[in-house]
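Chain naming follows the written order as A, B, C and D, and within any one chain the residues start at number 1.
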């Protein structure tokens, strides 16, 4: 046993797979300790906030202010509101309304804005100008208002008695705050999803659930497959025929279709993560059963089994002691594959809307499902779905690597 | 002196296992086979005889690695050449190798004639399939195989027929030297006899010039080859003509081997079989002294220390033992009397 | 070898994920209709009556600058073109609500949701009521003629009604309680309202609405159809009517399971100076049938769709972020004109939900700003802008009740503490310490439901469920398929099964009978126990006061009186909370891509009367078709 | 002679058919066999002759299709696990491949302990058990101390097969069925194994059925030889009479085709 383990850990495939998998498990365990936010809490009002550091604006006014005189602050400010495309568009509008092109210097911000402010009229339309264009120019006009102003911004509060505004503070353009001195800062490394949930926290919780689903599904599938395979292979005869008939039935019906039918028929109110895991397990034992059976058939005529019989051992003893150890490595490999296929099956089901109930736990599939429903892929909100894909891929990949590694150790024909 | 077809000088090869351990399977083996002669290699399983056969081809692929020595076929040195070159110009043409259980390696979905086409087309570009068929048919007829076999699938043939077909295919390109590793051991006695008959015919009819035959079945070897070489733990321990080797072995190991021969002949029941206790050494760490020392009845302290060179015993016989030939023979005679 | 293994396994995983993603279950929010009556091949179909200026194009490669592309109206193959039937699954030509589609079949008047007025279409000038409000009459535009060249007559209007009644079509069944008869007299149409015992009309509002929501169908063709059906109502309604005679500007050109194309009738009577004075601009109206919203959005962004009637999440990003020439009716949030009120209904028979405290607690705990910002991606007016009531957020309806009088009853949502206090006060507390409240010893545990694939509703339901957790009421979600869902919800003669404690349905949008009809559908007890209830009040709410007010309003003429009645109804609604509105939704999502066509209606486009954002096909929205221009002529 | 010796095991008209219909193969065809106390009987046949099937029938590992087996004159009854256990106290086997005869997951001690248990020694004190195992090992010239706590794969093929004999030593069955016990063993170890088998036979007065394809080996060890071809016994008799003066054509061919060393191997007769 020790020897086998050592061999397994010498396989580079296994080691890489195992490292990735351990890393995932560790993250899943450790992250919630440090970031105990509830994964399903809706924190953002609005969809798909970009990844980044969110600093509370209100608190930032109250944070100590520092003056930093940095070069190019103005131009950065202007560039953020008025890029080259916008300047060209302004030029286009101005030319469209009769300003000679040579009078417009789009790089001279002040002159351009002067020209713009004196000429722009939101009601005017030139041929070929669409409503979308018109809206764009209106938005552009709004965004450049006061762009060149050097005045400080005024912070005022409402006087409760008179209802008038009372100036409390002025924010200079050179004022800076230190983020660490702001009371409320939330880092959203992967932004938020369509519900306004923190994607990273949700992802990690979902990974945990998906792994659990995978494990439960794997255990269920492997147990059913193992027991049926052992019984059918060792006893043979009528028992074998009956079990193989059932197994063939399950083989002929694609298991994913079966899975969909079962999940559909048990109704969503019954579909907890555990139930889904059991259902997945229940539909995916077939190959384990068949493989175990064929292994057992080849084992049951081996001399050591005959010898064990001659030593007067009972069927159960023989199955447990003389058959099971020989297929154990195989079963472990099948188990690993079942786990990863269980995770994928859950993801597939959830994407079809047949996954576990949504209000209790996040799962990887559900996250994908909602990201797709809210068209994150069309809108380019990659953080809502891409990390999920990567996670699923990493889990499946690491499991397959481990399996390949073990296969190289256990399967003599693959040895090099 | 007849033309030397195959000459091997101090050939050493090793396996490298998955755990990067070296197994020194062939240790400085030298062989000379003259034209028209056949050599048998005998030994316990794991003594390196199959590895030697593989090494003789000069074509090495992992986990087998070449360590040193020369292989000269018909005057051409093939060791140290580019493996691809060896595969294209040497294998099949100069030297042919029939591995153990070769007959079970035939792709069951292809007809026999297709294997033949593959072999010929690999080496000759401008032949038609019809020509190939004619050639194959002629060859099969000469070798006493029914030509219908050509159009059959491997599964349709009996084991003996399959093995004979494999041998026929391997001599298609008329190699000088044929190396056969246990070509008849999985067959029933009658098929075995037919295979042997065909191999002898190959020699007699000049399809091949020399043959190396590897088996652990001594009675068979005795009846097939001119000379027998006994291997033990990757080394040659004794070599001589087959009659001498069977009836008058020098080395204690050969003696043990020959004493275990069982044949259905009158008087067999009265013979006491000899036994060699113990197991061969681990070739990952071969002993520095005599490799047989651990199992040898006549072992002396110095056996375990110094490595033993091959000694000449006249008439081309060699043996690897510290104890002189005469002393060994005396020992054997004394034991004979004890019984 | 190992490298290859890595790559292969990566590829396998990638493809598994991709295949899985490729089939999201976002099913169209439209009833799936079996295609047993699939339309025949198009090539031999209706050619224009008179030779057109040029040969019509191949339906599979229509000239882009003569074709206006739609999406979101049609989610499966068209079943038929029979205007008597309501099961044609024909989103372009037949679908008929308060705002009838008038592209192929026309109504006497076209309703404009923006100003609440009706404009004559087939009718000749405004309709008139008699003094007693029992008879409504209007003339027929003498220019109006059918596609076969014969004039549209008052007899056609009368015969259409007679047929509806004779065969008890859905239209007939819905109106016989209010309309006694429609007759042609002196070339005019007279609609006689059904009278109450006291001699007044049962409901003048419905009578009035009839003229803008029901198609006029040719008498001669109707007789052909009757003959074909042999007088059998089922056969008549099942007829696919490929030979139908129509009066509208467009008609069927091609239809299969991937698209529907309509072609302009260049002989359309509406080019008469008395009507539009010209033909509508696009020669073809093409509607591609997409698999789901995502596919529709992709086509819209690619410029393959000009007018999109579907929920495009975060639609503003399409122009703000991607700079696409896409716009909605309003340039800023809520982007669309809200008209209907997607509503969560309480099953009043569920244990605990019979308690006002529980209902109201759930309703006030829900985080509406999040629903609007997240589920609707801001494409709904907020409840700050339009406080909850029975009215939609249009100015006209908002003016119909006294906001101040119900201000005390309003809630902003997200009021967890208030909800908890309300429940504590009602004695509904957690007695066994499991974190969930009990009522009568039973844990408050509900399932909130809406159809699967209706993404904005699903997201809203998720937010509702989240609110339950906050206040100690266990709410889980469930998304059955629409086919199942609608069967369950509309069977008001049977108790709602388990899993339908809180469920979402729509309310009426904008129309000539609104907001009366919406109010009625939301709270009138007349639907309790009705088999096949497609109207409303699916939760089984009954309130005699409300019923009385609903019955009285259509007969009222005094504005103040109506106002007081509506205020009272809103009061009842906000007090009893039989259901609660989650968001506002437009009548039609109206998102346009101006890559090819421009001059679509938008807020403040200067049209008079204003063209409503009804995708250029519903009611007065059709007027927008005459204003379109090519971006690059 | 037959009067003195007890009839131990006999088979009467035993047949075994596998499959049915077109797939039907007759593995053992109407075989009669009488085995007397103390005899060594060889069943010689080439692969596919049915000798392994016959041995499994005799062992009670598979059931015959037809015919009866008598053990010590009584019809054998192995219908239940307990009865089988009882039967197997009297008849035991050594199989062809020592490498597959061991459960590689169990230590070697298990094999021997199983035998002690089977002989009713389950509750013997530990020392007694070790004593028994040591005795068995030394009988086959193995050192128990070197074997205990080892796994089968740490042994050579010869050692494994000898341990199998030690097992038989512990079990002391009346009949031993040796199914090609030396075919996977190197020639050098073969003699040792055969020696030890014969030694054991003398020691515990055992009757041996020797199953082999090697006619020379059969001749070397047995009193009586049965030549089996295609499921039938074609020639039966004492070893000398069958091997030295064969009558049946098949026996003749078999003997003729085996390479010999003192006689000419006639390659022309194939």
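The working rule: contacts are C-beta pairs under 8 Å (C-beta built on N, C-alpha and C of every residue); 3 or more make two chains touch, one makes a residue touch a chain.
All values reported here derive from a predicted model rather than from experimental measurement.
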*More contacting C-beta pairs: B-D or A-D?*
B-D
_Closest chain to global C-alpha mean, per-chain Cα centroids_ = A
*Interchain centroid distance [CA atoms averaged], chain A/chain D, Å*: 64
*asked:* Report the inter-centroid distance (CA atoms only) between chain A and chain B in whole Å.
replied: 62
*asked:* Taking the mean of the C-alpha atoms as each chain's centre, how many Å separate chain B from chain D?
replied: 33
_Chain centre separation (chain A, chain C; CA means) in Å_ = 36
*Set of chain C residues in contact with two or more other chains*: none
*Touching two or more other chains, which residues of chain D qualify?*
none
*Could you say which residues in chain B touch two or more other chains, in rising order?*
none
*Residues of chain A touching chain D in the complex*: 302-304, 306-314, 321-322, 325-326
_Quick check on the complex: what are the chain D residues that touch chain A?_
56, 59, 61, 81, 84-85, 88, 92-93, 95-97, 100-106, 111, 114-115, 118
*Enumerate the contact residues on chain D facing chain B in the complex.*
46-47, 141, 156, 158-159, 186-192, 194-195, 213-220, 239-240, 243-244, 253-255, 257-263, 265, 267, 270
*In the complex formed with chain C, which residues of chain A make contact?*
12-13, 40, 42, 44-48, 85, 128, 130-133, 135-136, 138-139, 194-196, 267-269, 344, 347-348, 351-354, 357-360, 365, 368-370, 372-375, 377-380, 389, 392-393, 396-397, 400-401, 404
*Could you please specify the touching residues of chain C with respect to chain A in the complex?*
2, 5, 9-10, 13-14, 16-17, 20-21, 23-26, 293-294, 297-298, 301, 312-314, 317, 319-327, 331, 367, 369-370, 373-374, 377-378, 447, 452-453, 455, 458-459, 462-463, 465-466, 469, 475-480, 498-499, 592, 594, 598-600, 602, 605, 631-632
